[in-house]
Amino acid sequence: MSFNPIIYFLTLPFLSVLLQGCNDEDTTLLSTKSIIYCSEGSPEGFNPQTVTSGVTTDATSNQLYNRLVAYSGDEHEISPSLAKSWHITKDGKKVTFYLRKDVEFHHTSYFTPSRKLNAEDVIFSFNRILNVEHEYHEVSGGLYPFFQSIEFNSLVTNIEKINEFTVRFTLSRPDSSFLANLATDFAVILSAEYAQYLSELDSHQQIDLLPIGTGPFKYKEYRAGSFIRYLANENYWQKKINIEQLIFDITPSNTGRLTKLLAKECDIVAYPIAHKKIIERPDLILNEITSFNIGYLGFNTNKPPFNNKLVRKAISYAINKEAIIDTVYFGKAEVANTIIPPTSWAYDAHIPQQEYSIAKAISTLNEAGYPDGFTMNLWAMPIQRPYNPDALTMAKLIANDLKKIGITVNIIHKYEWSTFLQLITEGQHQAVLLGWTADHPDPDNFFTPLLSCPSSKQGRTGTFWCSKEFDKLISQSLQTTDLNKRKKYYKNALKIIEDEVPLIPIAHSKRFQARDKKISGQLLKSFGGINFVEVNKN
Amino acid sequence: MARENIYQEEEFPSPLQQLWYKFKAKPMIMLAFSCFLALVFLAIFAPIITPFSSSQTHLEFILLPPAWNDDGNVSFLLGTDQLGRDMLSMLMHGASFTFGLSFIIVITSAVIGVVIGSLSALTSGFKSSFLNHFLDVILSIPSLLLAIVIVAILGTGLSNTVLAIIIVLIPQFIHTTRNEVKREFAKDYVLASKLDGASSLRILQYSIFPNIIEKIITQATLAQSAAILDIAALGFLGLGAATYIPEWGTMVSNGIDLFYIAPWTVYFPGLAILFSVIVTNLVGEGLRHALKQRKEY
Amino acid sequence: MLVFTLRRLNLFIFTFIMLTALSFSLSFLFPGDALTNLTGQINASPEQRALLAEEYQYNSHIIKQYWAYLTHLFDGDFGISIASHLPISSEIMNLLPATIELSVVALFIAMAIGIPIGFLAAINHEKIPDQAILFVSMLGYSIPIFWLGLLAILIFSIQLGWLPSAGRISLVYEIKHITGIQFFDILLSDSEYKWQAFQNATLHIIMPASVVAIAPMTIFIRLARTSMLEVLDSSYITAAKAKGLTFWQIIYRHAIRNSLVNVIRHVGLQFANLVTLAMVTEVIFSWPGIGRWLIESIFQRDYTAIQGGLLALSSFIFIVHILTDFIYAALNPLARDRKHGA
Amino acid sequence: MNLLDIRNLSIVMLSGNKKIVAVDRVSLVMKEGELRGLVGESGSGKSLLAQAIIGVLDEKWIVDADRFHWRGNDLMRLSIAERKKIISKDIAMIFQEPMSCLDPTTTIGEQLEEAVDDKQLTGFFWQKKKQRKLAAITLLHKVGIKKHTECTRSYPHQLTEALCQRVMIAMALARRPILLIADEPTAAMESTNQGQIFRLLASLNQLKNMSVLLISHDLENMAHWTKRITVMYSGQFVEAGTTEQIFTTPFHPYTKALVESTSHASLTLEPKSKLSALPGSIPILQHLPIGCRLGPRCPRAQQACVNAPKAKNYHGHIVSCHYSLKDTY
């Protein structure tokens, strides 16, 4: 029997459609002028002032905005950005910034600025946070979590305009981390003119949804849960941008991101898994950078049985951290002895590694009055962050460990990230797997946001632990510039943590990122999110 | 048959025996049938015969490749997953969930569907045509979509999945039974027993059921392969079995994160589903073929 | 033809009532408050709630409530999404075209490949090609689709690097939403990168559509094979042989047409099956369609979205049903009315 | 000259390892311009024989013959393709249930045009379409259909059985055949319509000198329309002769029984006397008796009947029986 010719007839139209698509070589490929970054989640909004989530700051801070000052170099010293220079008075209470005069705001389809950046914009950006009465303060919920955790409003008493391009901050007390805080991803400068324009239209909300900034890219299009499209800012003050388009392809699934990288649908991916597979491929590069972070198991110290210090201690004996490092981090992390990573100057080498001993755990649990164990719930974060790439597996391993000392663990996992955080803030959990990434190199950024009373009460860290003694130590440390004194204060603070165990530190991990070989330029910084300003595609 | 055919009479085996003779004539089908029986056996006795418990973790053997790989270990024949659980044991346990539950689902929905279907076949007029349209509408909604909606009502979880698939399969059985019963009712032999004064129920029981039972069995094998695929699909989508249950679809979805490092965690559960569906389909095919041959004869 | 059309219209109305009644009753079946489920207004203030209750006749008889619900549907008001707070109708308008595109292309592939192969099998009845085709089709019918999708990505996207693994089109192309059917939108757009985008979109649809098509294709193979065998066995083929037509003439002129008519009859039923597969495939290939959205809605307990999505998807399937009925009638004179009787 | 000369044609099917001989060494000779009847109960293999002649049998049937001559050509020596070519040119066939023999999805016109042989058309290819159409209309006229436009536009199911049969005949005529095989053309038709069809066939036979092989189980009609009749029983040749011979002096017990069972014969029967019929029924293919297949039913059967009888020719009246009735007349 000869081959049936019907098949040819029926597939012919289909093939011809395909071929038709292949006959254009008149224009260069658009894909060579665009960069697709596969990110891990949707941003909550386009204003990093109002959030702490790394997903949002990654997507917005460095792309859309600039700060007054920035970090540069390996030593992470403060360098000029929108402020070309600054001056601090001797008592440390007055800080004056001299602004650049050539900074343009974004020209977009929804707003065309008529002037360049000036002092008004800086004052507007910070007054929105500080002044509860401010027209824009309550827009998007009125919460500025980062600034609240560093008690920014009690620190800054006044911001004044000296002249068109000079702004002075007046502080209530000297603060050695003030400049560092202004260099974080959260302290971005918005456009006062745009705010004015929006308040005339009575659509205040739009300021955080359709952003106008000074950064290297400007907003074009956002489809929730799907993608963000940025276009190059042709008037960027710092340098010329090499690419035309920057696209954030929102891909929450870890495998999905890796697949897109391997299939060349993404140029760069966040938090890649399966490093071995990436290294094997000659056309891909894996970048790693030391990140200041800590993944931990936090106890809700308001709820029994974890209001009992001994129970917390017992659990800390029972967890096999080495196994977690091997399984969850594939060995690409260090066991954490305390909340401070070893590379920080505040790290105290004398703090011993937490002992892993089932026998000790059982005896401590007996001592605490739970000889038969108990049942607890453990909340595992539903998304991937550098400090915890796979909370579910970690939770399963911990559940397995705790079974040995008679504790039954129910894992709670299936929530959307923002709902999850909401419920943690409400204190619904008994224990939770979370983490923290530092926003700047000052060790205070670990102590204050994680364990100080004000931030504990907010609940985002999940511990609700509050110690007057601890708070006193860290505020003393902030008010001095003597490094040795600060070291001593922090050493004592760490002792308190070791003794009280409000949380069990698990790992300090590196931050990874994989990209196509064609993409050049530094992207990752130790602090803060990703920055595409230097990126090029060839 | 080398029997001498002296008389015109032949041996007349019972319909089921005839079916069996036709059925076993094809070696391929027999092979599939024995695999089917093996799966049933596995579904019942998996907890006794597996080398390890399905939840036992071996932290020293995490992501071990299958034994034939250079890095493999003979005691974990098909390797381990990211928690160091033995793949082989999990797959064997999975037979009770994916395959075993599909069996239970089909039997339950077949019983309910046949009862409703045969009773509804006795209706006539407006009620009947309403029922017909109603069934058409229900059957035109994709089964998985309907199952998903039911899961949304009941909440996720393995038992709710099972319930949802049972509910989804019932209309199919009603439809088949109803059509078959109606067709048989139109035949002359039923008229004959009607003239003898038999009640409808009696006709159903003695005249019709024996004639349509094979059709229902055939439908059941079709339904079972659909049920296996549906359980697995819901498990894969995270709407079915909880992540720690070694249901095959759930295992595939658990393995996805490791697909590129440990592909066997995806290959094997998928193959298990494929195998069980093929076996079920082959048995169904054999049954249908045997039925057709018997009718032709 | 008129009677035929009226009958279909009648069926359509009945089905529409059934489907809306089902979707309406879901709001009572889902956990939580029925009014919230129906409207999606989860954070409504007491005054707003009272207003909504008034609008939806919430305190009247159930029939009145249903009627109020229907009027809202006719106004294009499906409520708002509990999760995203966007109107369901606009979400559906965004997502349904993607699903239609995927399933129609898949249907086309399944028929274009499945039917000729089925015919080939029938022509070679009980010979080796027939057996081989039957076995392969059994295999295709048994593969769990999500697994097949994963393997397809592994082979065609990762190992060979031929086809993209996710989405409808590379995000670098900015296509305005006009009809929602992407290929039309691309052709309608005035971008200088039009043909690049078209090519890119074609590459994107090949793999998901083929994966969706596999199982229906095997069913079409079987249908076409059975139908062709039946036709080849019929007396008019014998008569045509007696007329002296060659084998291929008979196949082309009579057999294909008649068996095709019988296959088309089943397209409607297969379509429901195909949409089911498309839902799972959308998840694997991140296809921005209504199936993926529905599945995500379950995780987010977005009951309003589930109701709207169910209604939209099943109406779509039913419309295809009726369309195939009409096509069948157009092709098969027997299905139409007798023009001038005996 | 003999138009068709068939000797000992057998049609065999292999079922498992058993060999089923559906038609057992049947001979048939037809002269030019003859209107010949082929009679037998249903299941006697008449249709199989006809289909074997025209070569449209299913592949499961194996046809074998000692001689198969068509107008002096030995067809058995030719390849299947060549044989088909000759036969489809010269022999046409019409079937029982004409409605099912027409493609239900194609209009009558198209089907008719398709039957018109290319060689009959003389014009250039762009003229052929029109010529074809004209040819089709002429054909319809030939079979007595006047309203040709209505007819060509119709689908088969829109016409009556008798009209369909006329269309079938028209199609058969399209190739200007020498022999027309009509396989029960009037089965399931009302008697008035039956008459029309038979009349048409007879007139074609007379006016165009077209040979017709009329197959039927209806002996009475055969008596009316045919000159010579061949009788078959269960795949075996029984008797052949002129119509008169068959009806007045049947030599074979089966023919006699057949003749006696017709109403024509029963007119002469005494009131209230028994209608004559053979005991039993025609055997099914799976259980064929050996030897003379009528054996178990035959009133005259003796031991010799376990061997198949040889055909004996008595001046053109051929019979195949060990104990023929020849001597009783």
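As written, the chains take the letters A, B, C and D, and residue 1 is the first residue of each chain.
Operating definition for what follows: contacts are C-beta pairs under 8 Å (C-beta built on N, C-alpha and C of every residue); 3 or more make two chains touch, one makes a residue touch a chain.
None of these values were measured; they are calculated from a predicted model.
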Next item on the list: Could you let me know which interface, A-B or C-D, is made of more C-beta pairs in contact?
Entry: C-D
Notebook entry, point to check: Centre to centre, by mean C-alpha position, how many angstrom separate chain B and chain D?
Noted result: 52
Note to self: With centres defined as the mean C-alpha position, give me the chain A-chain B separation in Å.
What the structure shows: 49
Item checked: Approximate Å spacing (C-alpha centroids) for the pair chain A, chain D -> 92
Next item on the list: For chain A, jot down the residues that touch at least 2 other chains.
Entry: 262, 414
Check: Where does chain C touch two or more other chains at once, residue-wise?
Finding: 158, 299
Notebook entry, point to check: Going by the touch rule set out above, which residues of chain B reach two or more other chains?
Noted result: 156, 238, 256, 259-260
Checklist line | Every chain pair in contact, whichever chains are involved | finding: A-B, A-C, B-C, C-D
Notebook entry, point to check: For the complex, which residues does chain D have touching chain C?
Noted result: 51, 54, 56, 84, 88-89, 92-93, 95, 97, 100-106, 114-115, 150, 154-155, 157-158, 160, 168, 171-172, 174-175
Notebook entry, point to check: Can you list the residues on chain B that touch chain C in the complex?
Noted result: 133-134, 136-137, 139-145, 148-149, 151-153, 155-156, 225, 229, 232-233, 236-239, 249, 252-253, 256, 259-260, 263, 266, 270, 273-274, 277-278, 281-282, 285
Checklist line | Contacting residues of chain B [partner chain A, same complex] | finding: 57, 59, 62, 82-83, 156, 238, 243-244, 256-261
Item checked: List of chain C residues in touch with chain B within their complex -> 11, 14-15, 18-19, 26, 29-31, 138-139, 141-147, 150-151, 154, 158, 268-269, 272-273, 275-276, 279-280, 283, 294-295, 297-299, 303, 306, 310, 313-314, 317-318, 321
Item checked: Touching residues on chain C, where the partner in the complex is chain D -> 234-236, 238-245, 253-254, 257-258, 261, 331-334, 338-342
